[in-house]
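Look for chain A in each of the two complexes below; its partner is chain B in the first and chain C in the second.
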Partner chain A sequence: MKKKPTLGIYGFTGCAGCQLAVLDCEDILVDLFNYVDIKVFYEAMSNNEDVANVDIALVEGSINTNKQLNELKEIREKAGVLVAFGSCANFGGIQAMALGDGKWEQRFTRVYGDAKFTVAIPREAQPIHKFVKVDAFIPGCPPSTPQMLRALTQLLHGNQPTYTNSPVCLECKFRENECLLNDGKLCLGPLTMGGCTAPCPSHNTPCIGCWGIIDEANHTSELKLLKEKGFKTEDIIQRFRIFGGSKIVEKVQKLLEVE
Partner chain B sequence: MRALKLSKKDEIKLYDVLKEFGEVWAPVPKGSKYVYGKIEKKEDLVIHEECILPIIPVKKFLMPPDFTMLKFTPSKYSIPEEDIPTTVVVGVPACDIHAVNILDKFYTTDYVDNYYMKRRERLIIIGKSGTPRENCFCHKSNTSIVEEGYDLFFFDLGDYYLVWVGSEKGDDIVRKGADIFSEEVPKDVSKKFVEFRRNRNKSYINDVDLEGVTDLMELMYDAPFWDEFGEKCLSCGQCTMVCPTCTCFNVIDDLALSGETGERRRYWDSCMFKDYSLVAGQHNFRESKAERLKLWYTHKLKAFIGHFGSPSCVGCGRCIETCPVDINVVTVVEKMKG
Partner chain C sequence: MMKKIVVNHLARVEGDGGIYVEIDGDKIKKLEVRIFEGPRLIEALAIGKLPEEVISFTPRICAICTVSHKNASIRAIERALKTNEDEKTYYARELMHMGEMIESHSLHIFALALPDYLGYPNVIAMVDKYADVITKALNLKKYSNKIMQILNGKFIHGENATAGGFGKFPERSELLEIKKEAEESLTFMCAATDIVGGLELPDHLEEDTVFVCCNPADKKYGFWGEELIFSDGTVLPSTKYKETLIERVVPHSFAKRSLYKGKPFSVGALARLNCIGDRLKGEAAKYFKKYKNERWLKNPLYNNLAQAIEIIYCLERIPKLVDILLKLPDPKFEKATRKKGRGVGTVEAPRGLLVHDYSFENGYVTDANIITPTAYNLDDIEKYMANSALSLNKAGKNEGEIAFELEKIARAYDPCISCATHLVKVVKK
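Now for the complex of A and B:
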């Protein structure tokens, strides 16, 4: 029998929800063990090797300390394919909502004063691609089961994962929802990667962008629209930033300058 | 074709007649809009005075947004056995029936799409002419009257409905409901019908001028206003989802972990999305949003005529109601006409 590919599931700063999303594939979990040899699974195993040589590494969470950074570099060295797994790893997550404002140290001091850190030296939350080469990504907060399994299957067979490059609005319309933007709500559906099946707008709750910013997001037009609807610029930008992380800094720096 | 009378006092009995033929679906409220929902009680089958244009039109019965086409193994494939119920959809406005006629042509000309056909054969359409809504412009797109594509069609003539029978299935329904569908239409029916139509034609609010737009699409193809729309467009794809004649889809294979078995899925796609026109080698035929908008409006107002003899815009006005940034037939035509 062909040797099973090895898998490591690592987690840094985040809620561990992406790792739990793997466990949540209950029906298929046993099947997963048939096709992969899981060497590391921080959230689910007690006998983890620290950082193992694996064919595929799924990395959850943002990098918030120097210790994590060193570990990430080691994971990179020992992994065949390194996958940014979920929103925090991809864009920094909500802990990176203020990325690019240059006030991290000020905020840090306000919370921790002059506390001395010796084991793990804190740093501003950043997505993993800021430090190491990322080969693939799986979006989501947490990733949806079908999307994650599709990506894992593609990776196991040596392919690049495909993701849903359409906005939340597509799936929102599949569910026959009235457009919340037209209803005067601050909805980020058009700016946000789909794949979630639009649960929030389906419960009349505007999208806050947790899957991450879609390639073609038109923040300029949406900002203008929302301002016309009476929202304040700072409130809109703040909403853009919640899950925008590094991507909003890269994509719409100009827009942030109006803050 | 023949016409019968259904008294409004017997309207409540309609559901029991229809449910003999299949599931009964009709517009049901959802927020401030309507969607086609399954009717379970006779009181919930409401025939509205005005035209009701549910968020997603009749196409949802004919081509589900996301479904499994086939399952496969390395040696064979099988099409899943589907138990598709016969569906009676009630209250469909004329424009949306025109749209179904267009879908029929699209899915059955040259190549018959069996996924469509097996649903189409099980769909019974009961149309209803209502008061036009604010955005309706079927009077301008020549789709305010429908002569085929329905099984029954209702006109509200005061204390009764004039019911046109448009198919054998429709005939079966009126025979089954012989105690409510009466052959004895009042003597002044023609007068009332003409009056109804006249009043209806007078009640349109949207007066978009579609005259000559087919030619203008060609002449204005490189006009700068397309770039302005492109800059505004959110690429949300809602216009294509709510459009009753949009048919585009994507097909993907979802493999099981083994990499050997799997299923092929088909789901609604939108030409407003970047990946829609992306091909091998990362070439994109329509890189900019302006180009994609031009494609859509060309398709709706012009290109379909060459293939099927009529434009594929049926004047329902859903794009007007839905686009968050006001890119729609009215604003595009206004720009074209200066």
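Now for the complex of A and C:
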């Protein structure tokens, strides 16, 4: 019999929603455990190997302690393909919303006072590609079930996962929703990576950009449009940053410099 | 002889934590539940944000308790900014909360805790022998995810519920589907409760503790309220949480700790049943009476059974909620009536009392405080682990056997470590 492909699912700082999204595939969960040999999945099983030699490693969460950084490096060494799994691994997630503003120490003191920790040395949250080579990514906050399963299937067959290369705005149009921007709502659908099938605007609530910015979007036009609608620049930037992490900060700052 | 027990990575819990114990003869030299999950500083990041932004990103503290964080942040913000809560909105929020309660409890009972008691490494390994139970348990989990998807827009981290109401209320057909499945699942859940109720629980860790939960209005069972109720009889307005449950920082954990009158305490399903379980009705009341005994007051391993009884409560409550919702018209979106003020939102997350507390000036957050149930529980978890380690050591158990029992205690509390690392403001000196 052919050897089963091996899989490791690792979680760093985040909400653990990407791992939970795996457990939420109730219909195929048993098949998944039968088809692949899962070596590490702390959230779901005991008898894990600490960091295992695996064909595919899915890494959830951002890195914000020295202990995590060392583990990440070991995961990289022992993984055939390393996948950044979900928003936090890809661009830092909400804990990276103020990345690079130079006030991390101040925030740390605000929450913990001058406490010293023996458990690990904390640092500002960063996406995993800042530290190791990432071979593929699965977007999402959390990834949607169909997209995650497609990506896993592609990876298991040795292919690069494909993702939706169009914004949420397009998927929203396909669902024939009325545009929330016309309603004066600060919707980030035109800039955000699709694949989620636009559940939020379909419920009359604006897209908050949780899957991250899409490269192909018309950022300049959206900025202009939002300003025309009367939103303050600082509110727009703030909204961009909450879910946009490091990636959006670079992008938007560049745009503002051009202005 | 000195014994050292080290669990580097707690399995089948949410997040990154471990256990470190040093036993010297009949003394515990050191016992630490170590929380490695890095600090995310959510409260500090909330400063300067708008209400709707806080409601979007604070639920990202935890995927398993996302709806509890949503309801807690909404309740805090609506109180701070004096926003009216329409009747239909109220009940739709309750229905959404039920979805999370069933999802979290069923995941915990069947996939995370039951393998311990039946001797399996994970739930999938149980399939050969317990195919029927596992299939039905996964169906129940799927059903509860559907409730959250319909009410909140997504299984995990939906955006439909916000301050002032819902973007869109569920369709009649969706509500009827939710009702039908609740009625169909009840028989299975009653049978499953007997499986959990039939498990032999060890008594070597037992010790009295104090339990606390929200006190729902009108002497009803439920998952939120404006007061806290303690198993020692104390009832307090929930705004007094800060003076009553005193926080501190410990060096071995990025999650803060809390004490009540200088002692550790417990929150969660068992706490709720111990404090307000006598208010249950119907099948839930029958099962509560069938299994309740005095060991519930001193043995946290009963938490799984309490969770099972709470699922029965939810499955009986859901059809009633659907009937109420079907009768009420969709309300207009309610607006905040002021831009300044402080509000505290206390809800019962699956793992227990969850507090969100915000202050606003000119419409923006100026102060934020979030305390999660796992943080509240950590001192009691360590207390029970110390009891267990000592008596097992005395009984001549080896390191591996002791470690397994300690992990079981951790898992009984169903700790949510992502949640626990977002604790509050500066330590007072």
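Keep this in mind: the second predicted complex is superposed on the first by the 251 of 259 C-alpha atoms of A that agree within 3 Å, B and C clash if a C-alpha of one lies under 4 Å from a C-alpha of the other, contacts with A are read in each partner's own complex, and residues count from 1 in each chain.
Going forward, a residue touches a chain if its C-beta (ideal position, glycine included) is under 8 Å from a C-beta of that chain, and two chains touch if they have at least 3 such contacts.
Here the structure is a predicted model, which is why all the values come from computation and not from measurement.
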Room on chain A for both chain B and chain C (clash or fit): fit
Partner with the higher number of touched chain A residues, chain C or chain B: C
Centroid geometry (CA): angle chain B/chain A/chain C, rounded to a multiple of 10 degrees: 110
Which superposed partner A:Arg239 touches (first chain B, second chain C, both, neither): second
First, second, both or neither for A:Pro146, with chain B first and chain C second: first
First (chain B), second (chain C), both or neither touched by A:Pro190: first
First (chain B), second (chain C), both or neither touched by A:Cys179: first
Partner chain(s) touched by A:Leu170 [first = chain B, second = chain C, both, neither]: first
Which of chain B and chain C A:Asn204 touches, first, second, both or neither: both
Minimal inter-chain CA distance - chain C and chain B, angstrom: 11
Overlap of the chain B and chain C footprints on chain A, listed as residue numbers: 34, 204
Interface residues, chain A side, partner chain B - complex: 28, 31-32, 34-35, 146, 149-150, 152-154, 156-157, 162, 165-167, 169-170, 173-174, 176-179, 181-183, 189-191, 204, 215-216, 218, 220-222, 225
Chain B - residues contacting chain A, complex: 30-33, 35, 54-56, 60, 65-66, 231-238, 241-242, 252, 254-259, 267-270, 273-275, 289, 321-322, 324-325
Residue ranges of chain C touching chain A (in the complex, touch as defined): 8-16, 34-45, 48-50, 53, 56-57, 60-64, 66, 107, 111-112, 115, 121-124, 127, 138-139, 141-142, 145, 153-160, 162, 166-168, 249, 251-254, 407, 418, 421, 423-427, 429
Chain A - residues contacting chain C, complex: 11-18, 20-21, 23-24, 26-27, 29-30, 33-34, 41-48, 50, 63-65, 67-68, 93-95, 97-98, 104, 106-113, 115-120, 122-123, 125, 141-142, 196, 199-200, 202-206, 208, 210, 235, 238-239, 242-243
